[in-house]
Structures are given as structure tokens and as C-alpha cells.
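Two complexes, one shared chain (chain A), two partners (chain B, chain C).
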Partner chain A sequence: MSKYRAYLRAVLITAEMTLRQNVADMFILFAILFQPLIIAILALWMLQERGGDYAIFVVVGSGMSGLWSSLLFIGGNSITSERWTGTLEALVGSPLPLQIVVFGKNLAQVLQSLGSMVVSYLLVVVLFGLDVSVAQPGAFIVSLLLTVITFVCFGLIIASVFVLNPDVQRWQNGLEFPVYILAGFLFPIALLPGWTTPISYLLSPYWAAQALHSTSSGSGDFSQTLLAWGMMVLSSVIYLALSKKLFDYVLKKARVDATLGMQ
Partner chain B sequence: MMKRLVSNVRLFLEGALLSYIALFRWLSPMTYLASKVVMPLSSMLFFVFLGMYATGSSDASFYVIGNAVQMAAVSGIFGVTMSISGDRWDGTLAYLFGTPANRLVIFVGRAVIHVVDGMLGVLLGFFWGVVLLGLDLSQTNPGALALTILVTTFSTSGLGLMLGSLSLITRNVMFVNNTVFFSLLVFSGANLDLTKMPAWMQAISQALPLTRGIASARQIIAGGDLAQVAPLLNVEFLLGMLYILIGFSMFRWFEYQAKVRGTLEAI
Partner chain C sequence: MNAIEVRNLRRVYKTTTGVFRRQTKEVVAVDDISFEVAEGELFGMLGPNGAGKTTTVKMLTTLLIPTGGIAKVMGHDVVKEAQEIRGRIGFIFGGERGLYWRLSGVDNLRYFASLYHVDPAVARKRIDYLLELVGLSDRRDEKIEGYSRGMKQRLHIARALLHDPEVLFLDEPTIGLDPVGARELRQVIRNLQSEKKNILLTTHYMFEADALCQRIAVIDKGNIVALDTPEALKKIVQDLTVIELEVFGIPQELVDLIGTQSFVDNVSVEDREQKQVLMVQTPRGAEAVPDLLAMFNGVRIGRVTTREPTLEDAYVRLVGGEA
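Entry: the complex of A and B
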């Protein structure tokens, strides 16, 4: 029991440290504030002719774009950034599993990225003067909680894969918009060719978008929301189990190849 | 006189080539593919699908053309800015300030290959538009479109040179780059009909590169000829020259300050 308490403490301290560091990082500010804001402005102008509940749709969709961009560019570099600052050796040498540290870092990044949704909300309400309300507040909060968890777990996979294979990290720039598209952040995936649908189903951001859109706008029945929640829980469990293997492999490989500090 | 001219031309061409190689030497083909092909393509697809969701698939060409021309900004903003800021981060800025070389030749040379690269990017955008999104170019005058792409890429690179000068006094060059690039998505008319925008947005649009280039490309693809878009292209070109002038003035001022302070760095 004390072990898990220590892990929880480590997660919280790491999250606090990460938040403090990120406050001064202008690129992070761009990823979680400016980019979602610009996407929200664009989407508001573009979607206004559709009418209906487009305002809350834009708030959620542009907020999710901030969540994903932040996870990809900042969470993806969770381990690599420790390597750059020379602290990776000390982290790996400590008795605390590296996975716990990265979990704490990702938790901070995902939580701060929720600011994207707040900024989009303020834009829509204050500047555009639109009425925005969440149709199912309770279900929306559950969806948001599960979104945070599944994004943090997904971040564990991304961070370890980026370290294991720098060639994959070089695709970082190319991975941002495909997930915006495949996860249906701002338009339904029904617009896309049918062969892309199974890919969307494999992405937890798709299920997060489904749950958040349906509970915020009140569209769709509750069974769809339940399915999305179930898929987020399932994918989080799979990501956690897989990331444990990946982290073990990263550390073993680093020790065997003696390449912890340098690639 | 002739000797100086030859020397400046050599400096211009070698500087242009070397700065481009210096910027991309670390790239593997896969990284180039991800940054210059997949990222622009996926960005274009995102905004085209969003536009089709908003207004229907009959308007797809509006978004395809806008986002294809917007690709000029990938090289024009990111590439050019990083070529200028690269001197600072790689430690060669002090040496550059110490040479007697013609500053204008050095400064403008940093953008030359990015203009060519940017044109290729826009052409690739149109290629994707035709192949994946059914863009119809049957009414297009190819020469007029090529000139539009050249002028637009030039003007966007002018803005890039100005931002490059800014990068000499800020540590947050990526923040500046990204903010300007994404703002262009709003204000250039790539994704919005500017005539329906508020007056203040239209005023900002008129002061930016890309706006007239995108409008010109839309007219040409709809069957317009060069004479019709010439006024747009003239202003687009002049705008590019203005941004270069502002950027160069900033560059010279920062150099002066660096020498006066004895820092041999801009800050």
C-alpha cells in the first residue's frame, strides 16, 4: 500500500514540477492557447451557416485539438526532454519506475491542455456573444475525466515509441492533423472514405470526441455515450499494459546498448 | 564595379544554397516527407473537410485552392525565418556581422531557395487537390497560375524575412512563426470568404501576403486571365518588397546595436 502511496505522491509532485516549468514555455502556450483559439475562430466562422448547436461543437472540437497537439508535441517529448536536459540518467537510476514519472508529466500536460477548451468557451461567449450550454453536465464531466485518463495513457505509448524509434518522432509534425481528421474533432468521420473508419475506432481520441460531443450537445442516445466510455476505459487499460512492456524494453535496450544519454 | 557585381552574385547564390543546406542537413528524407508533404497535405485535408462539412461539397474547390496556395507559407514563414535565425543559434551571426559582405545580398539570399521550395509545395498542393479532391483545372491558364504562385511565394517569403529579423531578438521564434502561420489561415481568405468578414478583419487581410495571391489563384482557376489578376499580383509583389524592406531595416538596426553594445549578438 505504501508503494502505491509513494507512486501517487511522485505523480503529483512530477505534475506540479511540470506545470511550473511549462508556465514559461511559449511553445506550450501556443499549443494550448493560441492554436486552439485560431482553430476555434476559423471553425466558428465556417460552421455558423450550419446553425444548431455549432457553438458548443466548436468549443469541444477546438479544445480537443489543443489536447492532442499538446500531447503529441509535449507529452511525446516527455522522455526525450529529460535526455536533452541531462536528467534522464538520474531518473532511471532512482528506485521510482520511469513510467510513473512520465505519467505525472503527461497528467500535467493533459490537465493544462484543458485550458484550450476554457479559452475556446470564453471566445465563443465573450467575443462572439453566443449562448453555450452543456446539455448533460454530469455525463460531460465523466467524459472529460475519462478523456484525461485515456490521453495520459496514450501519451505513455507515444513517449516510449518516440524514444525507441527516433524515425517515428520525425513524423511528429505529420501526425497532428491526421488525428484531428480521423478523430472527428470538428466534423463527423462519415465525411471521410469508408476505409478510414476502422482507423478512427482504434484511436482513443475518437472515442473521447464522441463522448464529449454527444454529452455536450445532447445529441445521440446514452448507449452511444456508454460505448465511448467503455472504449476509453478499454484503450486506457491496453495502453497502460503495453506501455509497461515498452518502458521495460526502453530501459533494457538503453542498458544493453549503453545509449541512455545519447541516441 | 564589375568585380563587385560578380562577387555579390556569387555571394547571393552561394549564401542561398548554403543556408538551405545548413537548415535541412540534419533532415532525413523521411523527416522532409513528414514536414513538407504529410503535414501540409493533412492540414489541407482537415480544412477542406471542415469547409465541406460547413458549406457542402460543391464548395470544395474554394478550400482546396485556398489551402494549396497557403502552402507557400510553410516554406515562406518557417523555412525563411529559420534560415535567418539559424545564424544566431549556430553561432555564425557574430562572424556574419564581422564580414564586409553586402548585407542585402546575404539577407535576401536566405529566402531564394525557399521561394523555389515553396512553389513546389504549392504545386504539390494543387496536385493533391486534383488527385484526391477533384479540383478542376480545365479552365486554368497555366502561365498565369505559375506567375501567381511565384509572386505569392515571394511575398510570403518577404514576411518570413521580416520575422527572421525578429528572430534575432527573441528566444521564442517558434511561437512567432506558428502564430503568424495559423493567423494567415484566418486572415488570408484561404478558408473564409473575406467579403463576409468584419471590416477590421478585412483591413488586416489587405496588409498580409497570400490574401491577393489566393484571390488571384481562384480567379485564374475559374477561367480568368492574367490581365484580370494583374492588379492583385502587382500589389502582392509590392507587399512582398515592403516586408523585405522592413525586415532588412530591422536586420541592419540589430547589427548596429550589436556592434555598439559590443555583444556581436542581436541581444
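Entry: the complex of A and C
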């Protein structure tokens, strides 16, 4: 088996096994299903005066909030959780690079988080009786695919930074809502002070939100969507390159400090 | 080429104490050990808890970076060529952890096979064979959380063998198992030995090392205190006789006093429910029994027997009764 085929296979099996394990996890079900539902209901009430395309804006925005929560809490803990279950040594001691495993785990989290969008859609259509349609279905699917990729790559950075610095991990709750706001999941960032805009530009979730909102509602011109796609690709490449260095450093440090296993 | 070569290996852990005035302390887990394991050999490391056995295995399996010395597995350096080693070794650490409890046995093995780049078609056959080997074929589709401790440890063995490794590291594989489970696992290890696998086994069960290993390194406080065949190690105590006395509530002062007698080479105590068994190694044989009994003033004594020394007695002599 060629190396890259073996990597692809390992990513898919890791994602499959992660999904199988997550089915029985109540916290994950809360992060993916119930929390976005609550956010969607609140957003619908707040935005109903706005009129126009707010329904699809809520579906996409609350779906992204589920995606981000899942990535931050579950993806962020992906290495630490392996350590707690005693499987990290088996993973590190195998010939497969650990970032491939984490990539597969993040892929599972992100894919299942898309269920948040389905839940929000059902809420808006069935419960609130609103009309929801995607303005540019083809471009929306491309945006969704790039969103999945860029979130998975972003998750690699989060997982390694959380392992390197447990203090950052303690800020998980504090990191959740700022990104909702800075990435413009549910409110345009134009409503925020100007100094926050550069921070938004550095976050790939912002470009994902831009692409998904503009292609679902049909607002904005296509050049903006292209820019968002380009930024997602660019940030994914940067995250991948950076994660290679971070993982090498994290694993070397863990082998020196003897922190791969629980004593 | 030797399967494993270790030269002056050393590993120091740093620990910190205190919250405000943090102090760093160094703990020497492995001081200075050297040995080699020949191809096809089943090599044992025997020692008490904390002797440095697991640390040594973790360095050899590339999970820990040594503080000093050189270690090579199949000719590859464990620090500089860790990646080359990882695909050629299998390892298990005793205990139940290290598996995905919410997955079935077969799914665990499918997953770990993918980590070792085992072709799916090969993996399917290999998983069937290994589940049969470790006696888990009929429970293959059940979640691990329903497995007994012994079943989990046998699944660990299957996991370690998925990619047909050249070198196998078994760190206390039978720890915590019931006698039947431990015997079954030892049979699996014997089967692997007959396949001429290179195996490094650590244990603190003497009979296990005696029954399985071709050579044994006795390790204590991070150093190898003896390295030989089980038969040669037993010769360390061949000039001695072991007197076993069943006693009830023997004070530690009396044990210490017995240990200072000129006719006593070594003394150790083993708790067995309400009673203790005092094991005295002596070159005087049964003649020492009256002198010994004369020291038990007021302590209730049960059965007294003498026997030939075993590997366990050699071990006790080497590590000073810290079995």
C-alpha cells in the first residue's frame, strides 16, 4: 500500500471509529444538536424583525456554531482524551503520524456537526413555518466542502496548542462565543468595532461563514465568494504546514517529559 | 545482528513539588543498563515495582527519549530512527487501558491495523487468525466494555501482533489476571516463542520468567544486578537451603534480628491471609532449624519445612527481599 493511500485509509477508518464512539456520547449530542437549536431559536426571535433572508442566515449561522463548539471542545481535546484512555502511547508508537489520526478525528467531528445545520433547518421550516432556500446550491456545496477542510485543519492547530499549553485549554469556554461573534456566524462583523476586523480576517471560520452566508442567501457578488474560498484554501495550507511543526515539537516534548501515558 | 542492543542506558525523570515555591527533583528510573537480545530469543527482565523495567521498555519502543546511553532495535537507534523502528515492533503494557471500550474487539483491531498500514484484505485474515489465537473469536463483535480484564489483555496481544512485528515487547502482560487467564496468556507467549519471534518480556513473577525466558536480566533500582539463564541464576543459591516457617503476627524487629544471624544469608516474609510465611535462606540446611526456633519467644509458629532454593530465592538474594 502506498504511503498516501495508507494515510487516506487511516483518516477514513479513524473518522468511522470516532463517529461510532460519539453516537453514545451525550455531551457530543448536546454540542451538536441541542446547543445550536437553542441558538437558532434565540436568533430567530432576534432577527425576525429584519425580514428578508434571515431564516437561511439562522440555519447556516447556528449550524456553524455547532460546528465550532464541536471542534473546540471535542477536537481540541482529541490528543488529551487519547492520553486519558491510555491509547496515546499505542498511537504514537505506531508508524502513522499522529496528525493523520487527529485529522481523521476532526473530520468525524466536523461531518457530524453538519447535523447542526439539518436540525436548524428542520426547526425553521417545520416549527417556525418559514421558507428556506439556498440561492446558489452549487457554490454552497463547494463552500461547505471547503468549510469542512478548513475546520479540520484548524482543529489540528487547536489540538496541538491545547496539549502544549493546558492553560489555553482552560479558556475553552471563553473561546467559544468570541469566535461566533468575530467570525460573523449570526451577525455581520460590520456591527463590531473596526479594530476587530483584522482579527476576523485571520480566522478561517470567518471566511467559511462569509462563503456559506453569501452563497446560501445570494447576497454579495461572486468575487467575494471566490475570495473567501481562496482564503480558506490558503489558511488550510498554512494550518497544515504549521501543524506538522507543532506536532513534531509536541511529541518530542512528550517523549522527553514522559507525558504520553498516565502514570 | 542482535534484535535489541542496549549500552549504558539511563533515564532520569524530573518531578516538581509545591505550588508557590516549586522545587524540581530528579528521580533516576534507569541508572546504567547494558544488555542485548539475540535474534529469536525470549529475553526476560525481572524486578520489583519501580525497578526500571517499564521505563526501559518505553525507551526501546520509542515512547521515551533516554537521558543517556544508546539503544538499538533491529539495528536502528531509538532516538534518531524512531520511525524505522515503529513499524517493526509490537508492544503491550499490562492492564486494561489502551483500547477503545465503546468499540467492538474486531473494530479495535481494524483500527489499529490501519495505523500500521496493513492492507485491508491482509488485515481481515490476520484479525480472524489472531482472535482465534487469543481465544476471542466468539466475542469479536461485542464492545470491549463488556470484556473481562483477561480478555482485554488478550486483545492487547492480538493488537500488538496485527502487523506481524519482528520484535515484541510485553510489559507485565499477565499482571492482574486470574490464574487461568494468566496460564492461557503464557501459552500464547509460548506459541509466539515457537514462531521464533524476538520477545522482551518484563515480569515480577519468578515462575513466569523461569517458565518462558531463555535469559533473564534481574533489574533493581535501575541497574542490572544479574543476567543469565534461569538455570544459572538458580545456581546463585544452590549452596543454600530455604527454611519456611508459618508464623502468626511476627514483629518486624524479630525479622530484622533473624537477618543479622551469622547462619542466615537472607530472610523475607510473605503475607498469606492471617498468617505469614518466613523464608530463611541458610547454608546450614535443616541444622539451622533449632537455632531459628529458639529465637521465636512468644510468637506462635505453625508448620516448618525445608526445601531446595528456586529462582525466586535467587531473585530475593539479588534484590534483597523486595519481591
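Rule of thumb we're sticking to: the second predicted complex is superposed on the first by the 260 of 263 C-alpha atoms of A that agree within 3 Å, B and C clash if a C-alpha of one lies under 4 Å from a C-alpha of the other, contacts with A are read in each partner's own complex, and residues count from 1 in each chain.
In this text, a contact is a pair of C-beta atoms (placed from the backbone, for glycine too) under 8 Å apart; a residue touches a chain by one contact, two chains touch by 3 or more.
These numbers come from a predicted model, not from an experiment.
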item: First (chain B), second (chain C), both or neither touched by A:G129; value: neither
item: Touched partner set for A:Y180, first chain B, second chain C, both or neither; value: first
item: First, second, both or neither for A:P198, with chain B first and chain C second; value: neither
item: First (chain B), second (chain C), both or neither touched by A:L47; value: first
item: Touched partner set for A:G138, first chain B, second chain C, both or neither; value: neither
item: Common ground on chain A, meaning residues reached by chain C in one complex and by chain B in the other; value: none
item: Interfacial residue positions of chain A with respect to chain B in the complex; value: 26-27, 29-30, 34-35, 38-39, 41-43, 45-47, 49-50, 167, 170-174, 176-178, 180-181, 186-188, 191-192
item: Complex contact set, residues of chain B against chain A; value: 28, 30-31, 33-35, 37-39, 42-43, 45-47, 49-55, 172, 174-175, 178-179, 182-183, 185-186, 191-192, 197
item: Chain C to chain A touching residues, read off their complex; value: 13-14, 58, 61-65, 83, 86-87, 89, 91, 93, 95, 97-103, 107, 110-112, 114-117, 119-120, 159
item: Chain A to chain C touching residues, read off their complex; value: 1, 3, 6, 9-10, 13-14, 17, 20-21, 24, 85-87, 89-96, 101, 252, 255-258, 260-262
